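Okay, so chain A shows up in both of these, paired with chain B first and chain C after.
Right, the complex of A and B next:
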């Protein structure tokens, strides 16, 4: 039912997309809003590293709290909302019918975001837990669990009610993410907050959870987007697709065992670190298969594929570097330095977020039935975000390298170590400024596109798929 | 993966497997760890944490101190922890059994604090610590919100901070640490890992000359052959 040439971009939009438009756009707008907020907090935290007195008079912005706020807004604000939007959409498309029970998603989204907001206020006013990736005060965690389950209901229905019996890699990864996060949260909450385990066992449980959020939740959501978008955009069948289950199960079964990476040399049983080394190397098998499957990403053209390519390279690099830094000889040097935030940035920003950006650039025009509101903003965001991430990682790696070497020299006082790292930290602040600018561009573009998509009441339902028309509008 | 129940069981199994292995495994090993009774001193270690220090631990956690300070000394020879005077032995699990929320930390932007009060160089004085928290340094933010400046009415508070430079305070005013500041200082001064448990005794460093060992073995062998 394409009546006018201006509606050419409708070619690929079907009822499956239009039904879910409202709730999925809500998730997306919330995600990008949190991304911008987290960018502001990251900038403050980064400035505080080289100018400690910055905003020091405000108790709710001590460096520890800004770090926790940034991390929480990024993971539970941006990544959770964006990953769920992408996941639900892909499940609907691969399931072959539009999403059902979307009221649950709307309510869940509202309460999830209220919960994250309440959690941030809690962190700022003194209820943070000080466990990495689990800084949210314990009183919002049950709310988040329920809200997450509510958001996930349409996804599970789309999976169980799928038209075809066979399944795709994207579906496995999303279903795994939908189920595993609540399980992880329940297990870790009970062991840390409701019936705390003794002494350093808390560090083991927290490390297991922190690694789980990465390997069992965020990485699967990001990879699902890649497995869906890459063959669509490149127009090629994924090579060696029959090995994809091996990659999936390697990540799921072995991934969480790498949780002891950060406890090397610490007051925990030594076998925990040893198991982490072995597991980090075994998980590399997952990366090898992923390379076999997704290497076609280097052949396509278009906007989404550029993000996917960046994310793919960063994902492989983060796997290799995680295995590399898990070894004790290297940890003696790199542990406790800025190498840790550098690797975190490579993983969470370079890999996960870039996969998400790629998926969003592919998904948005199909959801709204309109091209992106501004092509210039798309291009601006693409270049700035790539520049910002690359510069940020390089700056932190350099900082970590200098710091690691200086810490090993006992004659150098700890203050002098930080003085040496200062230039690299200034560069890191500049990178965060670029990233904030980039994400503001995305925010404006998403808002405009979502607004245009909500206003236009488009007749959808044509089953024709012409990826080229939409891809052209997005690049 | 067509079989949904099997797929679901696989997911559950994978998570349970890693959880049981890492968390329950270490719990089985350390969950019942108790204090160590030193017969020479007729005291058990680690010593229980005072109520003030236990409250200070919460302040430490909620201000996010763990973002820049670790609390885990690595063994002598692994990193420069010993040379920096942070501790002569490795931190072990027993050190933390009375801590409500041990925060090991993963960044050393500031010094390690695990053994702050048990260092060879001596524990800092409470007054010094509080003054440092108030004034900050080139690399540490001043936490003025942990203190209140108030007018002196009658006698000075016994907790009021003394400054070498009288210009630091407004005339007729004194800087008094709040309760949070005092509990935080009490907590920091309770961090002591100087008692050496049997499992924490540093392993003597290996002889630097690796060739000496085979040579010695050869000598021993020859000595055996001779008779």
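Right, the complex of A and C next:
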């Protein structure tokens, strides 16, 4: 049933999108630029795993630093910028009015990205901290906190000043993410840098933060995109939506408790790891409800849906695998092997980034008021990135499996173990090369589309079909 | 009803529904559900079972492997009370050696021979091997001015190392380091107990460094 538009605000692209165009495109371009840089660094880091002499004469490109640079550029460069752009846009659209105070976002974006850039220089020159996912030097950390708050201000205003009193799952997840990262950062910065806690408590705090960036910040932003795009494109009410609040609260309340599973076998009291194992299993309830809600993703068509589908499967798989590998008996085998980076890639690339890609493919034409610049680049990026992620995960899992088994064999010397793992690591490097190529395609396409969108001021809504009204019949 | 667009063009994803109707349609499912007597829904019950099952697992697992939430239990299979039993007494000589290396050895040297004319030796020193009352006071509060050790005159300042000083050594560590130096390098004086250090600390309280003359009454 296609309803005729009865109200101007029912058009698919309105002033809500065009008003936010500049700042949101700035966030997006910055995000994809960091993604490409992180891809180059990941390639170097991956080559160094099987050819340790590669670039070893440059101290700032030794493996410890390229690894930290790659991770930082990926999380604080790509994921942060992309997630915030998507989050602000969805809050504006569901709130029903244009984003306000966008100057804050522009200034915040500039300083956030300057901060990340300065932080990367700091890491390259040896100032990094020793905490995973928090390797930015301590002197840029306060700047990042302030810049993040500035970027988030229009989002909070869009939430508190929303036209309609009703709320939707995407909004809960985004607002939670906007407030929870500053909380995580303030808490962990005080506990690790400004008034350092003593001894093993530092490891506990760092593990809590590293898990929190994933469960309380990036995953909510990614899920918000999925909750928004899936019903928008499929035109179906999400089944069992009445349980969506349970999925939300399970993730928010239990999610960060899973941090202690990274400390299994470490010098922490037994209960910390035990609680983390229990939390990893309990949080599966979130995944069950998510499956009930978002399974309609398998019925849709279109480019964004393909990304969402991949991300959805990867998200569910990473939840199940996180619970599975949390158990001590399995952690003893999988910890400290290439299994860990494989799981990280499944979570950060396969789930979070694919959700982000899907949201970006849906959002970009609405920001610029016209289709993507090149359809071939879209399709090329889609296939290459799926191939790259799948190949990368498989290669690392195989490497981890061989390594885990070989390390337990007392007759094998350590260099013999490395020799056995080498073919899988070469495959992993090939996967990173594919991913870099894929993301270059995306980068070119984003630049072209953003450029075209900034120049041409087409009457909004031209290429868009008039959407219908969603009727709440399905359940 | 499914009005989803075909979406053949990869350059643009058409939306099937408006934002407003998306909010409206989903809002209906939150909060109170209309009571439909004829329609019995199994899903809420199933989810309740799943959640209860997870809680049951979690509670059982926590009960078995939490180590009773004892901060000193590192082995999750340890029986209750294992922490106290496992806390082995610390060897004061080993602890004292560590303290000596980090605090004392810079002046008195790893060999205990000191560095004339500023830092007196500990090996064979009548101050070290003599009254424990006296040597405890020196470590607690420091010593300044001239002092005669093993027939040689020294003149310098030894900083305080007791609680509240720059080194902030606990009574346990002071007792350990004194026990260590009193049996090392050929010294053979009896060990110093933690209780004795506490007792002296309680008697004197806090004060500046001693002089050799002030320590005269504690020589026995």
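Rule of thumb we're sticking to: the second predicted complex is superposed on the first by the 448 of 475 C-alpha atoms of A that agree within 3 Å, B and C clash if a C-alpha of one lies under 4 Å from a C-alpha of the other, contacts with A are read in each partner's own complex, and residues count from 1 in each chain.
Methods note: a residue touches a chain if its C-beta (ideal position, glycine included) is under 8 Å from a C-beta of that chain, and two chains touch if they have at least 3 such contacts.
This structure is a prediction, so every number in the text was calculated from the model and none was measured.
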{"item": "When chain B and chain C are modelled together on chain A, clash or fit", "value": "clash"}
{"item": "Partner chain(s) touched by A:48 [first = chain B, second = chain C, both, neither]", "value": "first"}
{"item": "Chain B versus chain C as contact partner of A:305, first or second or both or neither", "value": "second"}
{"item": "Partner chain(s) touched by A:245 [first = chain B, second = chain C, both, neither]", "value": "both"}
{"item": "Partner chain in contact with A:267 - chain B first, chain C second, else both or neither", "value": "both"}
{"item": "First (chain B), second (chain C), both or neither touched by A:166", "value": "both"}
{"item": "Touching partner for A:237 - first (chain B), second (chain C), both, neither", "value": "second"}
{"item": "Touching partner for A:158 - first (chain B), second (chain C), both, neither", "value": "neither"}
{"item": "Contacts of A:438 with chain B and chain C, given as first, second, both or neither", "value": "neither"}
{"item": "Touching partner for A:91 - first (chain B), second (chain C), both, neither", "value": "neither"}
{"item": "Common interface positions of chain A, toward chain B and toward chain C", "value": "166-167, 245, 267-269, 275, 328"}
{"item": "Chain A to chain B touching residues, read off their complex", "value": "48-49, 52-54, 56-59, 62-65, 67-68, 126-130, 132, 159-160, 165-167, 172, 175-176, 179-180, 183-184, 187, 191, 196-205, 208, 212, 216, 245, 249, 252-253, 255-257, 259-260, 262-263, 265-269, 272, 275, 328, 332, 335-338, 340-341, 407-410, 414-415, 418-419"}
{"item": "Chain C residues within the chain A interface of the complex", "value": "1-30, 33, 43-44, 47, 50-51, 54-55, 57-58, 61-62, 65-76, 78"}
{"item": "Of chain A, residues touching chain C in the complex", "value": "1-2, 9-10, 12, 93-94, 96, 164, 166-169, 228-229, 231-238, 240-246, 267-271, 273-275, 277-278, 281-282, 284-285, 288-289, 292, 299-305, 328, 361-362, 365, 371-375, 378-379, 382, 463-465, 467-473, 475"}
{"item": "Of all residues in chain B, those that touch chain A in their complex", "value": "1-2, 4, 7-8, 10-12, 14-15, 17-19, 21-23, 26-27, 29-31, 33, 61-68, 70, 72, 74-75, 78-80, 83-84, 90-111, 136-146"}
